[in-house]
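To keep things simple, chains are lettered A, B, C and D as they appear, and every chain counts its residues starting from 1.
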Amino acid sequence: MAQENWGRWGAEDEVGAPNLIGRDHVRHAAGLVRTGQVISLAQKISDRLPVPGHRGGVQHFMGRDGGDYAAGAKQPGGFQFAEDTVILPLHLGTHIDALCHAWCGDHLFNGFPGNTVRSTTKALRCGVEKIPPLVTRGVLLDVVKLRGPSGDSIPQSLIEQSARGLGLRDGDAVLIRTGWLEGQDPATGIDFNREPGIDVEAALWLAECGVSIVGADNFAIEALPFPPGTVFPVHQRLIRDYGIPLLEGLVLRELAEAEATEFLFVAMPLPIAGATGSPVAPVAVL
Amino acid sequence: MAQENWGRWGAEDEVGAPNLIGRDHVRHAAGLVRTGQVISLAQKISDRLPVPGHRGGVQHFMGRDGGDYAAGAKQPGGFQFAEDTVILPLHLGTHIDALCHAWCGDHLFNGFPGNTVRSTTKALRCGVEKIPPLVTRGVLLDVVKLRGPSGDSIPQSLIEQSARGLGLRDGDAVLIRTGWLEGQDPATGIDFNREPGIDVEAALWLAECGVSIVGADNFAIEALPFPPGTVFPVHQRLIRDYGIPLLEGLVLRELAEAEATEFLFVAMPLPIAGATGSPVAPVAVL
Amino acid sequence: MAQENWGRWGAEDEVGAPNLIGRDHVRHAAGLVRTGQVISLAQKISDRLPVPGHRGGVQHFMGRDGGDYAAGAKQPGGFQFAEDTVILPLHLGTHIDALCHAWCGDHLFNGFPGNTVRSTTKALRCGVEKIPPLVTRGVLLDVVKLRGPSGDSIPQSLIEQSARGLGLRDGDAVLIRTGWLEGQDPATGIDFNREPGIDVEAALWLAECGVSIVGADNFAIEALPFPPGTVFPVHQRLIRDYGIPLLEGLVLRELAEAEATEFLFVAMPLPIAGATGSPVAPVAVL
Amino acid sequence: MAQENWGRWGAEDEVGAPNLIGRDHVRHAAGLVRTGQVISLAQKISDRLPVPGHRGGVQHFMGRDGGDYAAGAKQPGGFQFAEDTVILPLHLGTHIDALCHAWCGDHLFNGFPGNTVRSTTKALRCGVEKIPPLVTRGVLLDVVKLRGPSGDSIPQSLIEQSARGLGLRDGDAVLIRTGWLEGQDPATGIDFNREPGIDVEAALWLAECGVSIVGADNFAIEALPFPPGTVFPVHQRLIRDYGIPLLEGLVLRELAEAEATEFLFVAMPLPIAGATGSPVAPVAVL
């Protein structure tokens, strides 16, 4: 496969497409703020967050809490406090995929060996801590508005149509409303195996537009089930060949209902050293 | 003690001082962007993050990695991926204290019972998921610039002096550079017991200015050791009485070196249901 | 409710019925060994272990493994090693319930306040580390052999009948084969809500026989659903009133097929300070 | 290096030296019980357990506790309970090393590839769940009694001398009292880098005696620092070449003070699927 963005920002680059967000993009994005409305695009994190079968779930424990004081714990100087710990699989809920998350042919983005990602060292290359804070123009591609709810994959034509008039350009963060998350009911179980995501052609079209990040309101960005003979082809092309981090599990309904099309977009991955992803709580500022 | 902001935003309010960030503040803050430079204020998260004695540390595990493929794991469709899990105590590194984190007299901010924070339910009131994304004017109070490195507590006079000309007002996020973090050397051990933080008078002065959040580059915001007979008095007053979340463990040197004084500040706590805090990766946009 | 064994071994006793295992019982039990066959009564521990809805599951992570070396990790002196960490909820699989696990009326066994079990301190009283290694005569009550597979609760008459000729006495470990675990199919989901366990009368009869521990091959020892108006009545009576630890999730088929009725029984809870239970891997030595 | 026990119990064997414990050994060991005294050889497990620098520590969390009820949690049917979860690194405290824990030359015991131990699969070969419950004759080699407290390595001559008159034979569990654990003071920090363990010659002599397991009261069984140019040479020889699991971190003082030399020894590893070790709570029955 082509490795379109390998070497583009130097042999040692571990940032990838977010390099496309220059200071002028940041200034431009800040200039998009009109009403000052801030919309969170993040799912709540709890042990009720749906978990695909092959992963462990979130666990959340209080190390100290109000019950301790009710039970008679001391309150030196009147002070009472509570604290807690979470066990957090990094690819649940609203999260970003680092460039070391997916690859093929034994090499990560920009040619770093897959062998640099190990149990002991974690990711020596392309870990999530290499992704800078993302402050840029966000663009909403509302596929639900165009075609209504559907479980079908999203082809290039639909993406192009939804992007019409928005002038996609270098550094944009593209957020695709597929309708998947809105259509799931945790009570009856989440269907991770059929998702209305983008197909490879749509992904490549976005990548060639120069977007810095691709997000969506489904679990995998791309369509599931995969085309026969392929496995996560969009991950392979966007992450590994273009160096584009993916932003999965976004909550986009409120943004769509506000009829926002472009806005100041901000997402800050936690700089977890050597991690393959991070929970994020992105916002759109209108 | 006075409970200055109790009831101010209604009996059911769990947001507190961030209520002070109106849409006009957001617009104003966006308008502060001049150069487009984005500065991260977050420490890297890893198992090397310093941990006070009474807390567990970060643990980070790969569930799948490049070593698996090197060892012969299958690559269906050529696809390879890595994923991981972190065990994350919520009050380490750069993090925000939710309003349920600290209290006294059996009541949290706004009068909610401390008993609402339990092992089973987590925080039913004032959990970190109630803090909205924080997008507002940030202001740097550079105490190090004023008095040089020092382990002494920071009195009101010094805070006032460092804020001169900045016109502190409702909704501002105030970031105080105490120099503590810059002065610690993980190799020789971190001293959590002596920190040049603000004293109660300084804290109250900031609270009365109407700030929405108080951050600093130390572990506790406030001075340690505490004045005799008191325990975390600044936490008690700011969090519990004023409803001001605290932002601890900030990295402020780069921001100071850029001579930034006001800027667009963005911090988005992870909406962990019922948690007493959240790791955050705040940014200043200049 | 009566508190039959409170005070029986002194006001400070946290051991309960295992006190009944004297050195003579140990000697007698050792003398029961005939063939030298050792049968494990433990389920395998893995992330596939069935988990009731309200609990988190097992997670198991490698911190270093063979993949690291395949990926190029150094081997100083030729040495290679692997190590790992488990996240282990203490009431899954084959485990023992400590005397602080269940109570009523605000008091644990022997009158210790329930308030001594807290998030910060863990169980100050009756933690699992207070249970001594259990080495005693084991007795198998094979209810399946008597009545065949059934989901019905097990009344006193059935327990008495299955114990006929065995001479139940002080210090015995009684293991009840209900057939529940053998009848579950993880592939189709485990039914935790209907279990053929003992009823309260059966439990009291065993307690009055002086048994030191009651084990079974189901999840709750006792019958589910509970009799109307009661919740875990057998737990309340055996653990809280008699100080009898429960041993849940045993694997008893092999023991039954060996037609063992009495044997040397050994179970050693992990002495986890202040824990409410412990995984165990008990054995029967025939 | 020689691979003395490879193939000895067949090409597919993952049990190793515990195969040497036949039913006659079990019967013989049971026959050693004289007084019925049961001595636990396990350290308490808590977050205060000393942790070498490269490992994470134990974390223990209550998921429900007495504080919840004190704070007002419901008590359906009067029932109250507490439950908890531990995060447990498997090579801390008193634990057993499985045969997949240490190797060299890319092959585990019996020639299984090191590549079978992976992040995704855990240990496909020689995991701790393959170790049967250990019920056999235990023998105490009290080096402290012979030479007093010392940090020096323990040579073959000293081991031979301490074993005099005990008739070491196939299947024995050998427990070596080095004095290390007794000499450590958690308050001032544990020194993991200097340990009075056995040297390679001593280890080989024990292995050739046919022992099924080697345990000690230090952290590494073997002497630290290692002889120049070697890294964990005893681990390599005993685990990888002889298939002898190691039992580390034993508490042996009480056993020594009871002047026990041979006894019924029982240790039951938790059958954690694919794990490289397990916490254990072994006992000696006198």
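The definition used in the following text is that contacts are C-beta pairs under 8 Å (C-beta built on N, C-alpha and C of every residue); 3 or more make two chains touch, one makes a residue touch a chain.
Keep in mind that what you see is a predicted model, and the values were worked out from it rather than measured.
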Higher-contact pair (C-beta pairs counted), B-C versus C-D: C-D
Recurring contact interface, reference A-D, options A-C, A-B or B-C [over half identical by residue number]: B-C
Computed distance of Cα centres, subunit D from subunit C, in Å: 24
Rounded Å distance, subunit B centre to subunit C centre (Cα mean): 45
Subunit A residues counted as touching two or more neighbouring chains: 56, 59, 61-63, 65-73, 85, 87, 114-119
Interfacial residue positions of subunit D with respect to subunit A in the complex: 59, 61-63, 65-73, 85, 87, 119
Interfacial residue positions of subunit D with respect to subunit C in the complex: 22-27, 30-31, 33-38, 40, 42-46, 48, 55-56, 60-63, 65-67, 69-70, 75-91, 100-106, 113-119, 122-123, 129, 132-133, 135, 226, 229-233, 235-236, 264, 266-277, 279-283, 285
